[in-house]
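Every chain is named by a letter (A, B and C) in the order it is written, and numbering of its residues begins at 1.
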């Protein structure tokens, strides 16, 4: 078991947090004294936690508490300003390229091209993953979008875009699924569908991080809980 | 061989001087600034009265004693910016970023001075303030480019992004320098090329060197001061969040 | 479901180029507007420089490339706006898509758009300025291709930067214009030689400069784009 290295971090000359166990591969993710600054504001401040593989974490907090930032960080889209992020035993910054195929993010925004059809959006993702395009049809069917597969996303409702996004997430078969407000803008049947997707992800052994305001939906799905307030972890 | 030796010695002197001025107290910088001003004024006197007028151009040539050192300072600053930018991309550090910002500004300043002086020289020599001389034209383009670099820095709020992206842009601009130079020369080779004067008289050389040292002193002071300002500003920006226990309850 | 092999750099570039071209086609109203913008620019230049057709004729090469350059600022900005709409670029990064493939694909797509633009406005310019392709369409095509590449390469890199900074509409041209002056000079001069004939065989030198510029900046962009894209 290695200890975190002391010494200057890349940017601020702050010492890295000491004496925390590292690279325990049974942990899906480890945040070690992670802070993230946006301009003048610290979106995340000295966050430390670990999440075992296969667990599901409910991430709560008000708007602006840093939930989205944390999820984007875990998705390796951002790098921590200070501190260290370890995902599946690998460094979240240095080994981004090998980590990204195993991580999927259902974001605030849909990551979709409005002027491409549902199918085209999915096929693009499939091609970048190296999957055959035939898998896309099956997936769109499961997501209930088979009828609208050849219409541009611009014509879709918010709920349908969400279903398309989750289809993209499932296509990836990720080891780590990050969900940012998955229940937002969904009607009750949509919410039920989403809950089912999340449950099947957990059953398949995927580590899940679920950020939501609607705690009542998330509670039954998650094994762990983390509350953020002004970028810090607090007891809810 | 002597050229190489001169360059190395020069680098050591400049680098050492910069280091001392940055690490030293403000009084040291003030002292060097005063020294620079003294050298500048005495150099002006020397250049205007002691050195003889140029055989071909007469007294107009005297402006070269300040025009040429200004150009040298600009070139040095720009080179420094390039190396800082490259170094930053290899291993990020706030010192390199601050030095890059400082050198871009100092380079812009001295470049503008050089350009204006060159233009002033042009009026009696060529009859016009601007004759599309390849050297001055290239310099004008570069000044706009570095103004863009500084504008970019102003328009990015995030400190890390600002550092990385400025480094990228700094490299791109620096790589363009030879390209701009050649293309402008070809562009102008269709027309008559003006020659610039050379100094051969020992008094002229002395005047040039004197002013060069004056400019160098001022360059070092400007650069070190600007570096410290940039450094302080980023330190404030990236000051880490307090530990939870330190937050006032 | 099977786990496939992700594509290599060229494969990913190809996938992304198709995506960009498909998007351009779907939003072709925008490309149309761009063409009309360039035509309007040509008119503006003609009015500003004319009505003496001798001047217009001599300035034809420069006018063409200025029109393309001004339109390119709009085109380049748009090419990243579409990525920001739903943070699609983040989705691509996460896919994962190699940042270098993203650079090549976007730059190529932008270059193709500019080539198309140049081809469309060329006959109009020829009519307005009273010039013909004395050297033939072949050399003109070469200039168009090399010039479009010169604008699109560094332009894509700068557009990526500007799209995430403040004052992005001003920043992109401010950064791009001084950089492109050598390419502008070369393209304009080469085009003038196509219009007027090349008694002193200078065409090759200008093409050489343009090609050299393209090589340097596409290589530089290829290497530096990942740093721009990744935080």
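As a working rule, contacts are C-beta pairs under 8 Å (C-beta built on N, C-alpha and C of every residue); 3 or more make two chains touch, one makes a residue touch a chain.
Just so we're clear, the structure is a prediction, and the values are computed from it rather than from any experiment.
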item: Shortest path length from chain A to chain C (each step joins two touching chains); value: 1
item: Identity of the chain that, by mean CA position, is farthest from chain A; value: B
item: Pair with more cross-chain C-beta pairs in contact, given A-B and B-C; value: B-C
item: Identifier of the chain whose CA centre is least distant from the whole-structure CA centre; value: C
item: Distance between the centres, which are taken as Cα means, of chain C and chain A, whole angstrom; value: 36
item: Chain A and chain B: spacing of chain centres that average the CA atoms, whole Å; value: 47
item: Geometric centre distance via CA averages, chain C-chain B, whole Å; value: 33
item: Shared-contact residues (touching 2 or more other chains) in chain C; value: 231
item: Residues within chain A bordering two or more other chains; value: none
item: Residue numbers of chain B (touch at least two other chains); value: 157, 160
item: Complex contacts: residues of chain C adjacent to chain B; value: 154, 157-158, 161, 164-167, 170-171, 174-175, 177-179, 181-182, 185-186, 189, 205-206, 209, 212-213, 216-217, 220, 224, 227-228, 231
item: Contact set on chain A toward chain C in their complex; value: 72, 75-79, 96-97, 100-101, 103-105, 107-116, 120, 124-125, 127-132, 135, 152, 168, 173
item: Residues on chain A engaged by chain B in the complex (per definition of touch); value: 10-12, 14, 35, 37-40, 42, 45-46, 81-82, 231-232
item: Residues of chain C defined as touching chain A within the complex; value: 1-7, 12, 15, 19, 22-23, 26-27, 82, 85-88, 90-97, 230-231
item: Sites on chain B touched by chain A in the complex; value: 92, 94, 157-160, 237-244
